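Chain lettering (A, B, C and D) follows the sequence in which the chains are written, and residue indices restart at 1 in each chain.
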Amino acid sequence: MRMALVGLGKMGGNMARRLRRGGIEVVGYNRTPAITAALAEEIGLLPAASLAEAVAALQPPRVVWLMIPAGEATEQTLQDLLALLEAGDVVVDGGNANYHDTLRRAALLRGHDLEFVDAGTSGGVWGLENGYCLMVGGTPAAVDQVKPALRVLAPAPDRGWAHVGPVGAGHFTKMVHNGIEYGMMQALAEGLALLDNKSEFGLDLAQVTELWRHSSVVRSWLLDLTAGALAQDTGLQSIAPVVSDSGEGRWTAIEAIEQGVPAPVMTLALHSRFASQGGADYANRLLAVMRNAFGGHTVQKTDDAAR
Amino acid sequence: MRMALVGLGKMGGNMARRLRRGGIEVVGYNRTPAITAALAEEIGLLPAASLAEAVAALQPPRVVWLMIPAGEATEQTLQDLLALLEAGDVVVDGGNANYHDTLRRAALLRGHDLEFVDAGTSGGVWGLENGYCLMVGGTPAAVDQVKPALRVLAPAPDRGWAHVGPVGAGHFTKMVHNGIEYGMMQALAEGLALLDNKSEFGLDLAQVTELWRHSSVVRSWLLDLTAGALAQDTGLQSIAPVVSDSGEGRWTAIEAIEQGVPAPVMTLALHSRFASQGGADYANRLLAVMRNAFGGHTVQKTDDAAR
Amino acid sequence: MRMALVGLGKMGGNMARRLRRGGIEVVGYNRTPAITAALAEEIGLLPAASLAEAVAALQPPRVVWLMIPAGEATEQTLQDLLALLEAGDVVVDGGNANYHDTLRRAALLRGHDLEFVDAGTSGGVWGLENGYCLMVGGTPAAVDQVKPALRVLAPAPDRGWAHVGPVGAGHFTKMVHNGIEYGMMQALAEGLALLDNKSEFGLDLAQVTELWRHSSVVRSWLLDLTAGALAQDTGLQSIAPVVSDSGEGRWTAIEAIEQGVPAPVMTLALHSRFASQGGADYANRLLAVMRNAFGGHTVQKTDDAAR
Amino acid sequence: MRMALVGLGKMGGNMARRLRRGGIEVVGYNRTPAITAALAEEIGLLPAASLAEAVAALQPPRVVWLMIPAGEATEQTLQDLLALLEAGDVVVDGGNANYHDTLRRAALLRGHDLEFVDAGTSGGVWGLENGYCLMVGGTPAAVDQVKPALRVLAPAPDRGWAHVGPVGAGHFTKMVHNGIEYGMMQALAEGLALLDNKSEFGLDLAQVTELWRHSSVVRSWLLDLTAGALAQDTGLQSIAPVVSDSGEGRWTAIEAIEQGVPAPVMTLALHSRFASQGGADYANRLLAVMRNAFGGHTVQKTDDAAR
C-alpha cells in the first residue's frame, strides 16, 4: 500500500516510522521541508514538497492521512485537498479534533464525493514501539481502504484498532478516552499526595508505585509510567505544580453537560488543572475578603505571600 | 440576671457589651487581666481575677458561659470548673466545639450533677449591633436558666435563638450552618470570578453585586458583605489568593461521609480552600510529570515559574 | 411611555401587571388570544391580535419587549420583527437566552439599524410584588429608551436594575447569577439533609431554618423560601427526589470550562441534578459489576431493587 | 515455615490455598468448623478447633495471620491472643483495618512484647491465581519472620510485596490504594456512560473496552475486568444502579480532610456512591420544593415518579 502522510511532527514522524517498518510506502509532506528530507533519508519516506505533490504521487483511490493540529491547520488543509482529490479518495484525520468539527468536515467532503475517516489515536511517544490504539469512524468501504495502515500502526494486526462506528465515532471515542485518562491520572496523583504528605510513615513512593504494579487493583499503564518517573525523582521539587489541559478534557466535560450525564470525577480533574494554572485566584481573593467581612478574619496580603 | 462570662476576646467582649446593654450583670474573666479591666471600665462588667473568683461572685444555680477556643482551653476550663461548681449549676459553651466533644463533655458534667448547654453562635463581628443567631442544645431546665441571656444576645427576645434539641444539637446545628456557609461563599466567589474574567464585557463587580441585592434570587447577607467589600476594592490585587479553613467546615465534610449523605458542594468548597493553601502542589507536580511521561508534554520547572 | 410586550405567560403576564401599576401603557400580544383578552380586561392592557398589530400601535422609536421561550420562539419572532420595525426601534429580550445567541442576534438587528437590549430578569413569581432584578446590556441610547419600563419593573426606580455593559452583558450576568443560585441551593439542601438524617437530635427543620433567618451568616432569600416551605411540610415524603435543570445552569458550567476558571461548586450542583434525573444509572450499574468482577461483591438485581 | 491462619472465608480460604501451594504449613481456624474441615481435606491444612488450639500447634516465635472482619471480630481476637501468645510472637493483620486502629492495637501488643504487622492485601478473588499485592508495615524483625509467607502469597517471591514502613504504614498504604481504586473506577464508569448514552454512534462498549486494552493510555486491570464483564452483558439492564461502599473509601476521604490535601476525585467517587444508595433523596426533594417556591416550577410527586 502507498499512502500520503501530512504532518511529520512528534506524532506523525513516529507513525511514518512504524508504517515503513510494516512495509507501507509513505509519501510524506511537512510544512518544514528539512523534516521531510530527514525522514526520507532515515526511513525511505517518499518526500513531497507540497500537498499537491503528495497527492500526485498516489494512485486513486488515494489515502491521505493527516497528523496536524486540530484547528486552523486541519481546516485549511481540508480546503486545499478539496481541489486536489477525486471522488472515492479517502482523507483520514488522525489528530485530536472535536467530533462536532469532524461531523461538519465529513459532510463537506461528502459533498465532493470524498470519504472522511476519523482515527482517534492513543499511545503518545510510546506508540512507535508499542503500536497505537486506533478508534476509527467512517463508512465500512472507507475504513477498508485504510485497513492496511491500521493493521501496521496498531500493536498487532487484529488488536488495538477497531472500526467503532460511523464518521465522528472515532474522535468521540478518543475524546472520552482522554476524559477517563484525566480522571485516572487525578486519582493516582491524589492518592500519592496523601502518601507523600504522611511524613511519619516515611513512605518511599517509588517503592509503593512499583509494588502496586504487581497484582494490585490499581495496576495500569499510567501507574507503570508513574513508577518509572518516581524512580528517577521522588521529591519532584524542581517541577512546577502547574498542569496544562488540552481540548479533549474540556470537550468531554462539556459533552457530559450536554448529555445530562454526571461526570463529577472527569470534570473535577479538569477544574483542578484550571486551579493549578491560577484560574481560582480571583475567587480565592474574594473568599479571603468575605471571611474578613463577616468574621474579622485576617487577610493575607500579596506582599506577605511573596516574602 | 447575673452570669459569668469566661473569655473576653473578639467574640466574648462584644457579647459582654450586648449583655450589659440588655441589663444583664456580667462577671467577666479573661486570662489577660488588662482586657477584663478595660471592659469593667467601659461597660461596668464585674471583673474577676480568676475562674474561682468568677464562680464565687454568682449565687447558685449559677450560669457560666464560655467563649474560649474549642480545644485544650475548653477542656482545661471544664476540668477546673468541676471543682468549683455545685449540683444544678449550668455551663454554657458558646464556642465552636465539635459536637462529639460536646457530647463527651456533657456526660462528664452530668456525672457531677452539672448541666451543660451548647450554644452555637453565629453573627461574627456584626453580632454586637445585629444580635447573635443562637442554636441551643440542652435540657429544657438548663436552657430555661440561660434564657434571659439568650433573649438579650439574640436579635430580638423571641427571634434568632432557639432550643433546637438535647445537648450536642446546638453545636451540631452550628457546624452544619458553617458547612452551608462554605458552599454559599464558594458559589458566590465562583460566579464573580467568571464575571471578572470576562473582560470583553467590562463588568463592574461592585455594581453587579449591589444590583443583585435587590429582588434577585441570590440576595443574601453574604452578598451584602461582598458588595460592601467590592465597593471598597474591586480588583483585590493586594489580597493573596489563600483561604483559611476552620474546624467546622472539616467536621461537616467528615459528618457527610460518616452519614453516607452526599455533600459534594460543601466538600468541594473545603477542598478548594486546601488547594489555595498549597495542598494540591505535590499532586500537580506529579500530574505534570505523568503528562510528560506518556505524551512528551513539556514540564514547567520551579525556576521558570518563579521568574 | 407606551411599549409592546410580546409573551404574556407566567412571567410576561406579571410584568404587564407591574408595568400597568407604574403607569406604563402596554400593548400586549400573546399567541393565545384569550390570555391577551383577559389581561386587557384585568389591567387595561391594549390587546394586539398579531405582532404586526402590536408594532403598529407604537410610535417610533418603538420599544418591543419579548418575554418568550429562549430558543425557536425568540428566533422566529426576531425574524418577523425585522420586517416590521424601523431604524432606531429597540427590541428587548427579557428571557433567559444564551448570551452567545444574544450577541449573534444583536449583530443581526444592528444590520437593520435596530437596537437590541438584553435584560436578564430575576425574581420569578415574586417579581410582581417585590419588583424584578434587571441586568441590562445594550448601548446607552437604547437602554435610555427602555429606562421608564426598567424603573417600574425594578423594586425601586433607582435600585434593582442596572446597565451592566454592552449587549450580551445582561444575559451573561443573569446566566452567572443562576449558576450561583444553583450552588447556593445545593449548599442549603446538603446541610439540611445532614440535619434531617441525624435522627438522634430530633431536629425540627422548620424551626432551624426559621432561626437561621435572623442574624446568621447564611440568611438569604433562598433560606426564607425554604423556611416557608418547610413550615408547610417538613418531611417532604410526597415529593419525588428529582430536580430539573434549565439552560442557564448548563451554560454557566460550560462557560467555566471555556474560560478555564474552576467552578466546582456550581458544576457539581448541576451534575447532582443530572444524577437525580437518573443520568448516573448506567455508570452505577457498571460500578456494581466492576466491584463484583474484582472482589466478588454481591450485585443487586433490578428486580430486588424494585421489591 | 508453619503459621496459623485465622479466618478462612472468601479471602482467607484462597490465601490458605496459595500458602499451601507454596509449601507453607498452615494451621487453620475458622468460627465455622465445617469450613476448616473442608480445607483440611482439600489442601492439607492443619485444622484447629479453637484459637488456643491453633496457637498451641505452633512453635515460638509464632506467626498468627488474621483474615477476619476489621471491627469487633479483630478486636476480640486480639484480646484473646494476648492471653495465648508469648513475647516475640507476631500477629499479622491482613484485613482492611483503619490504620488508626492498627496503631492503637500495635501499642497494645507492644505492651505485651508482641509484634504486630499490618499487611494491606489487594487482589481480591484473583489473588489465588495471580498472587496478592501486599503492603506491609512493622518492625524489620517482625516482617522478617513473616517473609516466607509474603514471598509465597505475592505474585513472585521478590515482587508484589514490600515492607513499606513501620506498623500502620501497611494499612495506610492499602487504604489510599483503595481510594485511588474508587477514583479510577468512577472515571471509567463515567466515560463509558457517555459512550453508552450517545446512541447515534451505536457504539459497542464491549468492543471499545477490549480495544482500549491494547496500547491506549487508560489500559489497566480495571479496564480488563470491565471489558470481560461487558463481553458477557453490555446493556446491564438487570443490574440495579446501586453501588456499595466500604470503610476504606470513607477513611481515605476523611484522611484528605484531616491532612488538608485536596482529593476531589476520590471524594466525589465516594459521594456518588452515596447518592446511588439514596443518600441524596432528601436534598433533592428540598431542591424541587425550592424551585417551586421561587419560580413556580412544577414539583414531581412520589406517586407520579412511581408510575
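As a working rule, a contact is a pair of C-beta atoms (placed from the backbone, for glycine too) under 8 Å apart; a residue touches a chain by one contact, two chains touch by 3 or more.
Just so we're on the same page, UniProt names per chain: A, B, C, D = 6-phosphogluconate dehydrogenase (Decarboxylating).
Owing to the predicted nature of the structure, the values given are computational and were not obtained by experimental measurement.
*Asks:* So which chains count as neighbours of both chain A and chain B?
*Replies:* C, D
*Asks:* What's the call on chain A versus chain D, same or different interface residues, using the half cut on shared numbers?
*Replies:* Same; most numbers are used by both chain A and chain D.
*Asks:* Using mean Cα positions as chain centres, tell me which chain lies farthest from chain D.
*Replies:* Between chain D and the rest, the longest centre separation is with C.
*Asks:* For the interfaces A-C and B-C, which has the higher count of C-beta pairs in contact?
*Replies:* Counting C-beta pairs in contact for A-C and B-C gives the edge to B-C.
*Asks:* Please compute the C-alpha centroid of chain A, do the same for chain C, then give the distance between them in whole Å.
*Replies:* That pair's centroid distance is 38 Å.
*Asks:* How far is the middle of chain B from the middle of chain C, if each middle is the mean of its Cα atoms, in Å?
*Replies:* The mean C-alpha positions of chain B and chain C differ by 34 Å.
*Asks:* Could you say which residues in chain B touch two or more other chains, in rising order?
*Replies:* 124, 126, 186, 188, 190, 193, 197, 217, 221-222, 256, 259, 261-264, 268, 271-272, 275, 280, 282-283, 294 - these are the residues of chain B that touch more than one other chain.
*Asks:* In graph terms, with chains as vertices and touches as edges, which category applies: line, ring, star, complete, or other?
*Replies:* complete
*Asks:* Which positions of chain C touch chain B when the two form their complex?
*Replies:* Residue positions touching the partner: 122-124, 126-127, 130-133, 135, 137, 154-156, 159-162, 164-166, 168-169, 172-173, 176-184, 186-188, 190-191, 193-195, 197-198, 201-204, 207-208, 210-212, 214-223, 252, 255-256, 259, 261-266, 268-269, 271-272.
*Asks:* Help me check something: in the complex, which residues belonging to chain C touch chain A?
*Replies:* Contact set of chain C toward chain A: 217, 245, 250, 253-254, 256-264, 267-268, 270-272, 274-275, 277, 279-280, 282-283, 294.
*Asks:* Taking the touch rule as given, give the residues of chain C at its contact with chain D in the complex, in rising order.
*Replies:* Interface residues on chain C, with respect to chain D: 10, 124-126, 185-186, 188-190, 192-193, 196-197, 221-222, 225-226, 228-229, 233, 236-244, 264, 268, 272-273, 275-276, 280-297, 299-305.
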